[in-house]
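Please go over the structures that come below.
Across the two complexes that follow, chain A remains constant while its partner is chain B and subsequently chain C.
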Partner chain A sequence: MLRYSLKRLLQGLVTVFFIATATFFAMHSVPGDPLASDKALTERIRANLEAKYGLDQPLMTQYGIFLGNLLQGDFGISYTQENRRVNDIIREHFPVSATLGILAIAFAGLGGVLWGALTALYRNRLPDVLIMLAVILGISVPSFVFAALGQLLLVQLNGVLGFSVLPVAGWGTVAHMLVPSLVLGLGTMAYLTRLMRSSMLEIVGSDFVRTAKSKGLSARRIFTHHQLRNAILPVVTVLGPAIAAITTGGFVVEMVFAIPGLGRYFVQAVQQLDYTVIMGTTVFYGAFLVFMVIVVDLLYGWIDPRVRLE
Partner chain B sequence: MTKAPNPSGESAFNRSAARQLALFGVAIVVGLVGLMWGLNLLASLTATAGGVPPAVDVANNAITVMLTEEPPQLDSTRSTDQVSGIVLGHVMEGLLRYDDRGELAPGMAEAWRIDEGGATFHLRADARWSDGQPVTAHDFVFAWRLGLDPENASEYAFILYPIKNAEAINQGELPVTELGARALDARTLEVEFERPIAFFDKLTAFSTYFPVREDFYRATEGRFGADADQLLYNGPFALSNWVHGQSLRLDRNPHYWDQARIRLDRINVGYITSDPNTRLNLFKDEKIVMTGLTAENLTNALEQRWHIHRHMDGSVFYLDFNHREGRLTRNLNLRKAMILAQDPGELVYKVTKTPGYLPGESLFPRFLEGVQGKFRDEHPAPTYPMDLQAARAHLEAARRELGLEAFPPLVLLAGDNPVSNIQTEYFQAVFKKNLGLDIKIDRQIFKQRLAKMTSGDFDLVLAGWGPDYNDPLTYGDLYASWNLNNRGRYSNPEYDRQVRIAQGAMDAQTRVAAFAEMQRIIHEDVVIIPNYERGVAYVTHPRVKGILRRVVGADTDYTYAWIEP
Partner chain C sequence: MAETAFTADDFRPAAVTESAQAVARPSLSYWQDAWIRLKANRRALFSLYLVIGLSLFTLVGPLIWTVDPSLQDLEQISQPPGADRDATVVAPHRPWDGAPELPLRSGLSLAASPTTQSVRLVWEPLPDAAGYRLYRNLFPAAGGQALGLPLFETFNLREPSAGEREGATPRKNQRRFEDRLDLKPRSYYYSVAALDAQGQMTGDVHRLELTVTRVITAQEAEAMGLVEDASLLNPGDRIKLRAHPLGTDYLGRDLLARLMAGARVSLFIGIAAPLLFIAFGVIYGAAAGFLGGWPDQALMRFSDFVVALPFLLFMILLRVASGVQPGESGITPMVLAMVLLSWPAAARLVRGQILQIREEGYISASRLLGGGAPYLVLRHMIPNTLGVILVTMTFAVPTAIFTEAFLSFIGMGVAPPTPSWGSMCNEGIKTMLTTPHELIFPALFISVTVLAFNLLGDGLRDALDARMRSAE
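Moving on, here comes the complex of A and B:
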């Protein structure tokens, strides 16, 4: 197990290195000038700025410097916020995105399993039809629509009631998190519901469930130990990438609800060609994604003993 | 739908499973409550605990506002953008300032004298920093040297160029100590000019001219302006808390000299988002005291029967031609044909339909002052009413002069945002329909558009300009042949001569005449096709009065606002 974990970790490091390298060269080949601004720069000031960010060096030297700093965990200074270090930006804003993401995943994972199991139990009956209809909506409607609708609903609700039930936007308390995280998790919840339903259906008719029944096990034990535990496997598999996707993909939701998450910097940096922030967020998120996949793989072995044998 | 055969016992089993699921559901709710409690703890560690106060907080004599983005740069010597300008305008003060009527008024300086050769400023005795120490003339000299120091790489260094030796210092030809600004004593600042300048008083209200105290600056070790405690304040308010990307708190600065004029005790910036609908929702929910309106949410605002205000922000937008050698747009007849084939009124009222916009007529917007009244009243801008016959005649003349069989497609460079997308489509349509000219739209992200503008990789470009200071020269010198922001490289010795006159003359009559001459040249030479002057429609909380919108300086300015009892 330990050897397997170490092997996976090493593979992960190589992956992150390739992500960093690919992003670095892709970023530098994007047309545009990161130093350009509304006011034209004099040559002298331009030269100073280039020296400050090391842009006066040949590309391969810049790459070498970047790798050296990366090893020390230093991403440099932002281009757009000239007195903030990229490390600080990640340190200050990632916890916000992570908080939002964890809550969204909790909503999505627990809700997905619950609804999925329900639909399987009530296959082709009214609850199944209703939930699956909602699932199709959840999968096909993008999160910014839900975000805008959710916010509008809150405004109407607060207006009708005459007092603030839940805040319309902002950050700081649990009340601020509820609606955004629900909105953010909705798509994943719908996806997980479908996944759970099909895997549950497969298992309800399987041999080992029939065996368990004929053994005379209680319905409760069959459900928790034989059905749920087996049906949940595919859900766990996608959970890893889903956590990464939700934590990084919160850009629109963060914008609509005025949440100071990292997603905003991730997207704006690309628009503004903020080289250091692009590199910092991409490498960080890349490492995060790789790490989550490894965690899920290890978790998988814990849930399904068959995987452990390898 | 066929039902699966239901052997006996199956339904009992399902019922039990459903009970299980119900239990599971209860467990989820309990678990989530626990999780959220934990997260709340986490959030209170990473951010300010507690919610954001309402729009109007009478008990604390405070209001809550929002910003469209995180202020990128609060180091006044390097700050360039509007959002940082809003914050700086509340927490800092220059030698002079703009007061609640928009007039230039004494700030850190209580008296001053400006003549052709230089200026002398006498600082007030009660001018203090937020730590209680006096603001001295040295603080201004230090800030200006910093602004010009090439190592500091300030993009707004040019605004200090009227001071003697400033440009040479910024080019690295002279040491910063050669700057023509000296502290005669702690309260007397003497400035020597490079050449006579008629509007130096207005410049001193600009953020690059704000003071910076040397010992504090050195102590921040390169992080000056990065956090609330990495700044020193001499304005009406002081930043007491700054959670990046989330909120700022501006508290009354007890050391500010003019306490009587400041009526609010606190300004909360509670939200930072660029989403206009979020802002409107926050306003509806009485969470913020002011919000701008866009074309999409204007009807929504009208339905609420809110009182809608309008403010012209001083920005002008236009089609800039590429005047470089070898470009077709260098041909005057082609430019004339194009300006005659379009109509800014149609663009503004029928196409973009953005609330607050006015059709463009001149490079010089309507707010600028002339000798006595407004410049544009004293010198109405000549325009080209749409005239297709004349346009086609000019196009034919251009075709002959250029020796072309037919015109190749012209490249129109533009940014990628909703308003400019509509604009480019309008021009593509009118030039095709009215002149048979093909326009190729080159839509680029902001940085790439700027890069292409600088290298001259366009025939036409959607451009705009906002004022740096309240004088027509901020627009007029844009088309001087030496100006780096003259991206089309328009060059005309007569125009340059007029710019020199406006730069050097002290008397209003001569200067305004020079600006009128520039306006005429731009019109006759069709240097640009004016599109529109930008205006903003906005709504304010009915109980909050005295919110100011400014053309230069902090826009929006809550400095002198108050809550009506």
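Moving on, here comes the complex of A and C:
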């Protein structure tokens, strides 16, 4: 187990190194000049700026400096915001995105398990049909449409009631977080519901459920202690991809709801071609996702000892 | 015991009449069997019809609805479907001499009937007014709220002296105004507020609510192609403006035509990208699976690395790196980026299948009969993985469409003015509160397409692959 964990971590580090390299060379192959702006620069200002951002060095030297700084956890300085360090940007905005993401995962996980279990319990009856219909919708509708609809609904609701039940956009209080995180979690929730349903149906026909029944256990106990517990296992495996989906989905939700998270910042940086911020956030997000997948894999081996980690 | 007499007749072979065990059904090939199963699945069949309908919409639609998707109809901007498109023909606009055509009422009143060409207003003096400011609003201003868009202000303490002719000096307090600013056929709420000597509002306001009617001059109608010749139209005639079955967008472009043009882009990306990356994945996976040993290890290590890259993040990165120039649509870089990042799933799947098939009896048989490696792979291995490949392909289409929509939505996808469903959503969301149809239609098309391909994928999986059959 320990050896496997170390091996996975090492592989993860190599992947992050590749992500950093790919990001660096991708950003340096962009046609155009990172210092080009509407203001004409004099030769001396230009030379000073190039020296400040290290652009006067040969490409491989720049790459070396970039990697060296990265090892020390330094992502550099923003091009568009004077003297703002990328680390500060991440430190300031990532907690917002993380809060939103954790809430969304919680919504998606709880909702998925609950709805999935319900559909299996009421198989082929009205609740099952209704929930599966909603699941199909949840899988087919893009997240930005949910975000827009969520906002529209809030506006209507606030208008009908005459006072602000939940804020339509912004960030700060728990009330601000509810709708965006629900919207962000919907797609994943639908996916998890589907997974939970098939996993539950598989388990209903298994030997240990029959044994539990023949022992005379109550239907309720069988449901909670035997079916539910075992059916949740496959759900854990897709948490890795789910985290990735919610992280990137956050870009759109943060944009629509005007949430000052790192995702919105990343999209802005991409639109403004702020190279250091793009490189910094890409490497940061990349490393985050790679290690979340590893953590979920290790977690799965710990939860379900039948899974051999090697 | 009686002697039995045998005759030659008894040794005649029995006649072959009919076999009792005739096989009743003709044998079915794998694909025939799959087709029968797919036809039995109502949901899959429904989704197949949807996919056919979408293809017709994309390919045949533009032949029937031949409106140019980039043509701007400035008379009808952000029109919802089924909006009124009647217009009355009027004479070209002439400057207003200030004479009222309608009987004036107290307060703020109309000097002529309000049209999209002009709204002519006249108002009575307010007590102690040193000047006036005219506002136009789209909503009735409730108590204390802003009066809307200030259109006109006149401010002078001095009444015209006896020597000055009316109208000769612009410095007098004019009490009329002609509004020609971007008028739309709808209700407007005008207010004129009195200003005191310091230019502050005194609180005295005249208000007027009016509904503007749509008018068009004969020359404009001819320029828009509504009539052959402007001289055929007389003022007072009623004509219909261009029809837009699904309304128009914020630039007055026909939404139906744009949805068709967008369908080409979105479906092209949604189908071309999976086709390409699955083709590449099949070649890669088949090579790895067939070669085995260290080449297999090396190839699969590399694919593991590509899988570990965060997909959307790298899509954005590659889009930035490709640097789409103005005038380019950005479709090719997007398809390329998708192919670069998405092939490993198909490669892994095919490799697994090939490893399994390699051990099958019929491969050994074929090899014994002298089949070479290319023949084995092309004739036996790849055809036997086609079912799985087709299912993967069907599920890859909605993912690709979602990716396109996501990237275009955050402005990192197809570059304007090329329409795609995702970029149309991006434009539509800005006016979501006032004209929701601009968001709803493209979003609906994305959802229906994704739904159709997902259901079709489910059906194909059930029909083609017994092992992957879903638990239902």
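Just so it is clear, the second predicted complex is superposed on the first by the 293 of 310 C-alpha atoms of A that agree within 3 Å, B and C clash if a C-alpha of one lies under 4 Å from a C-alpha of the other, contacts with A are read in each partner's own complex, and residues count from 1 in each chain.
Methods note: a contact is a pair of C-beta atoms (placed from the backbone, for glycine too) under 8 Å apart; a residue touches a chain by one contact, two chains touch by 3 or more.
For clarity, every value in this text was computed on a predicted model and none was experimentally measured.
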Between chain B and chain C, positioned on chain A by superposition, is the outcome a clash or a fit? clash
Considering only touches as defined above, state whether A:286 meets chain B (first), chain C (second), both or neither. second
Touched partner set for A:96, first chain B, second chain C, both or neither: first
Which holds for A:152: it touches chain B only (first), chain C only (second), both, or neither? both
Classify the contacts of A:202 with the two partner chains as first (chain B alone), second (chain C alone), both, or neither. second
Once the shared chain is lined up, is A:82 touching chain B (first), chain C (second), both, or neither of them? first
Which chain, chain B or chain C, ends up touching more residues of chain A in the combined arrangement? B
Which superposed partner A:136 touches (first chain B, second chain C, both, neither): second
Would you check which partner chain A:296 touches, where first means chain B only, second means chain C only, and both and neither mean what they say? neither
After the superposition on A, what does A:19 contact: first (chain B), second (chain C), both or neither? second
After lining up the shared chain so the two structures overlap, which partner does A:271 touch, if you call chain B first and chain C second: first, second, both or neither? both
Give the stretch of chain C that clashes with chain B in the superposition, choosing among 8-16, 134-142, 368-376 or 404-412. 134-142
Both partners, chain B and chain C, contact chain A at residues 31-32, 148, 151-152, 155, 255-256, 271, 273
Counting only contacts in the complex, chain A reaches chain C at residues 12, 14-15, 18-19, 22-23, 26-27, 29-32, 136-137, 139-145, 148, 151-152, 155, 198, 201-202, 244, 248, 251-252, 255-256, 267, 270-271, 273, 278, 282, 285-286, 289-290, 293
Sites on chain B touched by chain A in the complex: 1-4, 9, 12-14, 16-18, 20-21, 24-25, 28, 31-32, 35-37, 39-40, 42-44, 46-52, 66, 70, 72-73, 75, 78, 80, 150-151, 153-158, 170-172, 222-226, 230, 243-247, 270-275, 277-278, 281-282, 284-285, 287, 444-448, 450-451, 454, 483-485, 487
Using the touch rule from the top, collect the residues of chain C that touch chain A in their complex. 305, 308-314, 316-318, 320-321, 323, 398, 402, 405-406, 409-412, 422, 425, 429, 432-433, 436, 439, 443, 446-448, 450-451, 454-455, 470-472
Considering only the defined contacts, which chain A positions touch chain B in the complex? 31-34, 36-42, 44-45, 48-49, 52, 80-84, 89, 92-93, 95-96, 99, 102-103, 106-107, 110-111, 113-114, 117-118, 121-124, 148, 151-152, 154-155, 158-159, 164, 167-178, 213, 218-220, 222-224, 227, 255-261, 264-265, 271-273
